[in-house]
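Here it is: the structure, laid out below.
All chains are identified by letter, namely A, B, C, D, E and F, in their written order; residue positions are counted from 1 within each chain.
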Amino acid sequence: MHRGLYPGRFQPFHIGHLEVVKWSMKHVDELIIVIGSAQESHTLSNPFTAGERIEMIRRTLDKENLDLSKVYIIPIPDIMMNSVWVSHIKTFAPNFDVIISRNPLVNRLFKEANVEVLQPPPFDRHKYNSTLIRRYIIEGNEEWKKLVPKSVLDYLLEIHGDERLRSIAGL
Amino acid sequence: MHRGLYPGRFQPFHIGHLEVVKWSMKHVDELIIVIGSAQESHTLSNPFTAGERIEMIRRTLDKENLDLSKVYIIPIPDIMMNSVWVSHIKTFAPNFDVIISRNPLVNRLFKEANVEVLQPPPFDRHKYNSTLIRRYIIEGNEEWKKLVPKSVLDYLLEIHGDERLRSIAGL
Amino acid sequence: MHRGLYPGRFQPFHIGHLEVVKWSMKHVDELIIVIGSAQESHTLSNPFTAGERIEMIRRTLDKENLDLSKVYIIPIPDIMMNSVWVSHIKTFAPNFDVIISRNPLVNRLFKEANVEVLQPPPFDRHKYNSTLIRRYIIEGNEEWKKLVPKSVLDYLLEIHGDERLRSIAGL
Amino acid sequence: MHRGLYPGRFQPFHIGHLEVVKWSMKHVDELIIVIGSAQESHTLSNPFTAGERIEMIRRTLDKENLDLSKVYIIPIPDIMMNSVWVSHIKTFAPNFDVIISRNPLVNRLFKEANVEVLQPPPFDRHKYNSTLIRRYIIEGNEEWKKLVPKSVLDYLLEIHGDERLRSIAGL
Amino acid sequence: MHRGLYPGRFQPFHIGHLEVVKWSMKHVDELIIVIGSAQESHTLSNPFTAGERIEMIRRTLDKENLDLSKVYIIPIPDIMMNSVWVSHIKTFAPNFDVIISRNPLVNRLFKEANVEVLQPPPFDRHKYNSTLIRRYIIEGNEEWKKLVPKSVLDYLLEIHGDERLRSIAGL
Amino acid sequence: MHRGLYPGRFQPFHIGHLEVVKWSMKHVDELIIVIGSAQESHTLSNPFTAGERIEMIRRTLDKENLDLSKVYIIPIPDIMMNSVWVSHIKTFAPNFDVIISRNPLVNRLFKEANVEVLQPPPFDRHKYNSTLIRRYIIEGNEEWKKLVPKSVLDYLLEIHGDERLRSIAGL
């Protein structure tokens, strides 16, 4: 059996992320989604708590009828030493064979640790982009609502996530 | 909908824990199992990593045909300030209404934070007891094999968990 | 009885801060002044230690004949998780009913924690501004001496605080 | 002018502590009371938060008509390196000339840092003793009520501090 | 070329440690001596700073005419996660092939990380024992002076290390 | 005897650093080279681990026939409080009399702690500059190979350090 680990910050979880999840589930038997920087929240780059991000992802996978018994969603706080980061991830996550990521630092660290890296396709990276989505929310540009899955949109409105981001920005 | 949060260290996950999970799933709609002291491993009181504990629990719930789409398993590292511990748990976990625990400190902290506490029955606490199980493993007393679910037993033997515990004890 | 909590970094404590303190003491019975980022010092944005900032504030309140028996001055180090910051503040400070702040993040965090927020008037914010004062000190612009209370000025000269800031800037 | 620094954990602040404060105020012009292990609370040895301990001390000094304008009460979290502890204290506290303590480690660390140490008399150390007081509270022995100042007693009952300690002890 | 890594706390460095160093230098080309718990000092179990322990070891190796160009002495602070400890050591130390240790936990952790472990002979373990030496110093038993190399003895007397240990013990 | 302490990050160790070492060894009897930010690696500003930096320096000193018995190379992790940094350095390093540095913050902190500061000459600072060297490596500009000692160049190529830096930069 093959298990893949897909790390991200998911601030918020958007359609590009969902595409990576779907693509991954065709390439591995089980998927571990790691929510990185889990200790962060209420900042301009990391507005949502780990718990909120878990909820976004679970609701979306559920709505998409993806098999939850094949998925692990695991929040992991940062550790301020890149050289031990791979061991840190291995501590918090069940065993895995392959990393699914396009992030240069992540890929380098796992490569140095002799873990196989699988690069997913980019899935419209310039459009589906968390930085862009957060900027749209701050600017009050409704365009962001098309860039996240329907269940994430509903959830963010339910918890007033857009309002939070704008408050923190001082608006 | 009601969501309950059940915190524990699960070193290892035993039959008493499984009983609490089953009992809880009858009292709440969804259950969050929090794996505490997630950063700990390879000590006499905390021999197994968070990832290993996730694996033990998932395999058991799966074997027991419990509905994984109603369960969240979330590792949370310690924070060395009891007074912020409740907020810390709320950061890492999705929203919840009730705490399921018999631990006096846990119950006090949530009570002071005005969260409802639900005490599960003791389920043969003196028999199903992680401290006892770890002691049996160290002493080479096979009795421990009857105190954990079959899937936990198989997993521990697979990862040589018993051997690890005995090594650390200097045996 | 009403107690208010007024958080700031006070690098250094200036006339605008003093105005907020005076204004606050008319709106609450007791005032807790929290010195945030208490662990920071000797940087361009945080040149002074918590102890030095306590001294600045105490000397000023004393000179202004403000009633010290109604004021608490409490240094609090940062905690790197916004989601637990309110609990962190509540741990270090005596009980309080209301937050006195114009900082968007502070106000958002306390609002989410259901604590009442009282916004003081801006008191010439563009003139009395710690960033500006530090820049003036670094540039050797004597204008800064008019922006802090006399007792802060005397204290900063006494501890060679201006010289420290210029040294750190490499001047 | 002489300033003394008196460090303690004050769990809780008892009559022996109060005697040290009174004695100290006769030997120095100003007194800094440092509340150590400020991050700790809700444990058997450290049941009360720093904020609660500040409140106990302030109320007592107030009731005793001690001059609050001569006293600083400063919570300081632990730093896990004894060799930097003196610098850590100096960061959080205003400048001081003398340490007031009978604790062997505290006295050694300040002596190695060339700070003068003043040993207060023991003031019935075996009777007025925080460990003993906490044990009495847990055991339900009313004797503890005579060992703390009246204002501490009233405050502890007001916040149900005795009940908290007993809860944490599992009673 | 073979490099070995020999970890210890060396509180203080005694004749048994010196024997391990000599033995090791016959089995590897270069030796890395890791001073663990480097952040600790001024406690009953860890009385000496990392810098003091470096000094003890350097002076001894020098006196013994061991080739310093084949030895690295590296202080490493603790990391509170056993599962990342091996990576942590690898970060601070130059590359190495083999671990030289009799410590059960150390050996287990390196074994799980697939690093070869070389067990040195015990060298009169019951006699040359840091815990015993510290106890002798505290009790004022001169016997300890025979258990450390002459250069360590001279150094400890020079820095009043015996006096420090007795002070901390409250004597 | 005089001992000097020369702190730096050495990312990487270049010819300017080597000149400072040589110059220092003429001014003091023994030299402690402190590798700062020892916990950092795999970032654009701190690409190399402490262990790798130790190796660069040792190989270079060896090749240059500098007397290793007069040199200590000590990695020290950051501590996030400038006010305790001097004590932190003193904990990890053997005793020293003088600081060798041109860094404004370092010099200020040691000056406030009454440690003598010795400023080495600048040694072609604009040419031999770690930031520049890292930029050249990232840009693929071979010029960097002339700015580091031959032994550092060989070592970096051996561990594919240039490739690592370019990977992290996303190239």
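Points worth noting:
To be clear about the criterion, a contact is a pair of C-beta atoms (placed from the backbone, for glycine too) under 8 Å apart; a residue touches a chain by one contact, two chains touch by 3 or more.
This is a predicted model, so every value here is computed, not measured.
The chain pair from A-E, A-F or B-C that repeats the B-D interface, sharing more than half of its contact pairs by residue number, is A-F. In whole angstrom, the spacing between the mean C-alpha positions of chain C and chain D is 26. Chain D and chain F have CA centres that are 44 Å apart.
Each chain gets one centre point, the mean of its Cα atoms, and the points for chain D and chain E are 37 Å apart. Residue positions of chain A touching 2 or more other chains, listed in rising order: 39, 41, 49, 81, 83, 90-91. Inter-chain contacts, as defined above, occur between A-B, A-C, A-E, A-F, B-C, B-D, B-E, C-D, C-F, D-E, D-F, E-F.
Taken together, the chain D residues at the contact with chain C in this complex read 38-39, 41, 49-52, 54-55, 58, 62, 68-69, 72-77, 90-95. Of all residues in chain C, those touching chain A in their complex are 80-83, 104-105, 107-109, 111-112. Note for the complex: chain D touches chain F at residues 79, 81, 83-84, 86-88, 90-91. Partner chain B is touched in their complex by these residues of chain D: 39-43, 49, 164, 167-170.
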